[in-house]
């Protein structure tokens, strides 16, 4: 069962000791069921904040978010979320970290499914390792396995592949696409890698610099599997890079 | 860590431990000689008193073993009561501001009140074993409570968020994230609480009854001004406490294998 | 006075006593009547929660005089002598009181001595006079009862909750139990051990050697206070009421069981010492040393003995 | 958090606090009526005793204010001694295994020994104010020590590594990483220790001298079976402790602004 | 003052409850003073482990590492290390985090220098923010500023730019090159981004999969500034990608 997102006039600001900081400003967006949306935008623009609001962790300052007509609530909709920061439970080994989502979900933790996703992300043999005993990229892969192992209706990922080498990244991109296309989940995927966005997304949302607005929503009208070297692919990529360049102040 | 290395390490720490105890005993003997007070017996006369009380028993005929067993039982009951009340309340006070607001103004003043001051009220309101349990509880509860709250505060918000996005309700967050994450502090609270619980044994055993228990032994012989037996009581409490503490530490070691610890 | 020449005569003396103990009324009367001032003495008061703690301070040289129960003074002296630390031994220079304890019981349960069989009777701690007296009485009358040693402050409370069927203790605890919990007095300490010594007035051996003149003055003060109590009981009771904060009925009743006297009952002290050796409360003396111990303990130059 | 919201929040928690205290007092009065013992005074008679002791003074003429000041002074000294010894030793025991091996076998048994049991020895070995300080220290030191060690163990190894790569020696690591990182646990240890320090005040004030101090007040009136004054002493200790605790909490709040705390 | 690295027959293995795991196996490498070395290799191969050994944090199991003839010791050589994981002091705000390295280094913490590097990484205005109040990419940038602010002799970075958008990344790459070329520091730079490796490095060390060996050391013989679209650049890139592809098992 997939889901339909509608975000309307979303605003988010934080109160700090240094005053109010506006992070998202009047962002509207809608996404049909089973679609794959990639989000790109400058560092610090508000992507992670947006994701946290979309999965119901933070309330918006104003505006509405509806998933299939009701506000986001992970107790009702099955999310598979991957956080940008380290998010493994340090007291559980790799295997039990992957099983964690299942346990919470009460879908009956299945050792086989956990095993399957551990293999998928290339971590067979490391099941009994604790998080502090594996590399940065391996930790990210455990988080990916954990999110997928709950068979989520909605996949939300915040730069899941940033710590991975290109080769591993490509493999996992393909796996993700195949899982998504087989099961028709709705996917929201934040990335800094424009090539990745064009490779994966049906839509790419380009956000402005903070406070984040929707600068442009691009429909990537290419069939899967896509070739990174094809001319239309490259032209989409260049277009998005140009859009981003407008947003990023020449720091220094 | 390789088994050989950890074996060597524990052998080394045992040797160091024995050496420190020896140094301590020598220092004690030296101080005794210098001070030369009837109320500061040296290690040897304490040792003799120890033999006497363990084999022959005290003036009422109770042996050291029996004193220890009775006190141990009382302390364990109070300790359990402290753990069973302190940990859940600490968890709830840590996560629910309302619970904290309600509980704080009642609990906070109480925690400073000396156990001895509770004796009159405990006699009026409680009876039998519950009094001992209560007076030990007074010592155990607050360290466990405060440390549990501190542990809850240490919880990584990211991990809570992870659980939430998987659909965890408050209960599941508590069980799967907050509790395991606060566990190191909770264990520290339990160890501190165990110590304070034992510290309260004399206060608890000031209440009349059979003249048995290590606290009673101490009080009794303090009355006779036989400080060597008082020290036997102190040392016995110390050793039992040490053993219980060691048991908790072993448990901790098993539980916290996942932690990387800082040493320099 | 050669020693007096070398050590300037102190005008300030340090006296230890026990918290709220009606037995030690002479001290409070002496203060209230300003007897010390009359001899040009200034008193520093040191209050203690029980006799053994007082004796520990005493033997450490922190007190010159003390009002204290005979048994703690005896154990304190015996212990100090055993390690050859003889500077600050307690020496009895006068009596404070005789008797002054009672065994009170629940009249619904116990009406006669025989009824004590199988009952729970509280005592103010193993090794106290009262505890020892009860043991001796039990032995003499072939009684078996369960002794519940506790502390004096708690005995009336435990009696009140029905946890114990009676207790033996020093005044004012028995009187409080009678007045608040309708206990009845089964035996007074007079019945159990007539004229037994209770509290004594001691001076430290060092102070005695160095300032016999002051000791004489202080003993005079003490003795005048004793005389005053016996001559003017009403005024004395008022002093007692002021310093214990207890109600007059309690004080009246307690007062009737305390014998304030200047005369030390040496026989009674000898009995205590022997019993304490027998009970292993004193480990550093044996039965043959009792007489020499007691003659050193009670200084007959100052104390009136019987 | 906006000032308005935090203002509302603290107003709310004050109201809740007052409500819980009121409930507590009502419950107390109710229990008093049910039990109906002369030795379980209700809140009103305690209040009267409170007025009496604060204005007229106790039987020796000392006022409640003076009792409080004397005890506060003693507790503060002991508390300072506990903090000054417990924190550094805890830091070193946390990071230096050798220090730990040497100190553990001596310290561990000692921490279970009741403060009252120390009285005879403290009389022989110490004098004056140091006796009080020592007996309070006994209560403060161990919670501070154990919590400090626990705090050291919590330190992120990554942060230590960061400091090391910038050339930090052990000292700098201790000062810049381990200490600030262990600070939340250290503060918890101090708060627990403060409570236990106060708990030890009765034991400490069993030592003879002027009959002044809240512990002495409690002991004195417990002997006279005037439980209302005993409760006045208990409540006063509770309130002073509460105030000191609140001061530490305010300090904590300032210090730990950087923390994200979990609530549900 | 730059430094010269010699690594000889380096081996590193860890003891775990699951047995011994070999992470680095007989790795030898040398790097002259003032050179820029990039290291690429599959996720989990041992790059971070190598870096930790190079900066003296971990001892090797066997083999030797010498920097200017003596073993690595950050108290003697001035390192500027950027860790892969989050490494900000949570109790210090951005400004004081940047000053942290200077304080430790006893070079006299300079507010101006801290300010300069905060501006360099585009964080002006966030000086008073605590780490939990800034985004993942911003945290990485603080770590970069902190490492550069000590004016290190040796720069060692473990995927410093992984969390940044392409635009910010490019800007910082250029800044890094300019700092390095002006002051002739020795730089060791771990990355998953092959393009980045070719853009920055004079040498690119390609590591094999775990246990890491030096598979190939490639001399990138191109003048700075390099153009990412130039044919030799692309051919270096493709060559390295091919080398990596050999190493990465097709996971799943």
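In this document, chain identifiers A, B, C, D and E correspond to the written order of the chains, with residue numbering beginning at 1 in each.
In this text, a residue touches a chain if its C-beta (ideal position, glycine included) is under 8 Å from a C-beta of that chain, and two chains touch if they have at least 3 such contacts.
Quantities reported herein were computed from a predicted structural model and do not represent experimental measurements.
Asks: Once the contact rule is applied, which chains count as partners of both subunit C and subunit D?
Replies: B
Asks: Quick check for the class: compute each chain's Cα centroid; which one is farthest from the centroid of subunit A?
Replies: The most remote chain is C.
Asks: Which chains share more C-beta contacts than any other pair?
Replies: B-D
Asks: Please compute the C-alpha centroid of subunit A, do the same for subunit D, then give the distance between them in whole Å.
Replies: The mean C-alpha positions of subunit A and subunit D differ by 49 Å.
Asks: What's the distance between the Cα centroids of subunit B and subunit C, rounded to whole Å?
Replies: Here subunit B and subunit C have centroids separated by 38 Å.
Asks: When the centre of a chain is set as the mean of its C-alpha atoms, what distance in Å lies between subunit A and subunit E?
Replies: Roughly 27 Å separates the two chain centres.
Asks: Can you pull out the residues of subunit E that are in contact with at least two other chains?
Replies: 17, 85-86, 132
Asks: Residues of subunit D that contact two or more other chains, please.
Replies: Residues 37, 39, 119-120, 123-124, 157, 219, 222, 225, 257, 259-260 of subunit D each touch two or more of the other chains.
Asks: What are the residue numbers in subunit C that touch two or more other chains?
Replies: 56, 60, 153, 157, 160-161
Asks: Given the complex with subunit B, which residues does subunit C contribute to the contact?
Replies: Interface residues on subunit C, with respect to subunit B: 50, 52, 55-56, 59-60, 72, 75-76, 79-80, 82-85, 122, 125-128, 147-151, 153-155, 157-158, 160-161, 163-164, 279-283.
Asks: Where on subunit A is subunit B touching in the complex?
Replies: For this pair, the touching residues of subunit A are 52, 55-57, 74-75, 78-79, 81, 83, 85-87, 89-93, 100-101, 103-105, 130-132, 150, 156.
Asks: Which bits of subunit B are touching subunit C when the two form their complex?
Replies: Touch list, subunit B to subunit C: 36-39, 59-60, 119-120, 123-124, 127, 206-211, 216, 219-220, 222-226.
Asks: Which bits of subunit B are touching subunit A when the two form their complex?
Replies: Checking each residue of subunit B against subunit A gives 158-159, 161-169, 172, 176-177, 180-181, 183, 256-260.
Asks: What residues of subunit D sit close enough to touch subunit B in their complex?
Replies: 9, 12-13, 16-21, 24, 31, 35, 37, 39-40, 94-98, 100-106, 108-121, 123-125, 138-139, 142-143, 146-147, 149-150, 152-155, 157, 160, 170, 173-174, 178, 184-185, 188, 191-192, 194-196, 198-203, 215, 218-219, 222, 225, 227, 230-231, 233-235, 237-242, 245, 259-264
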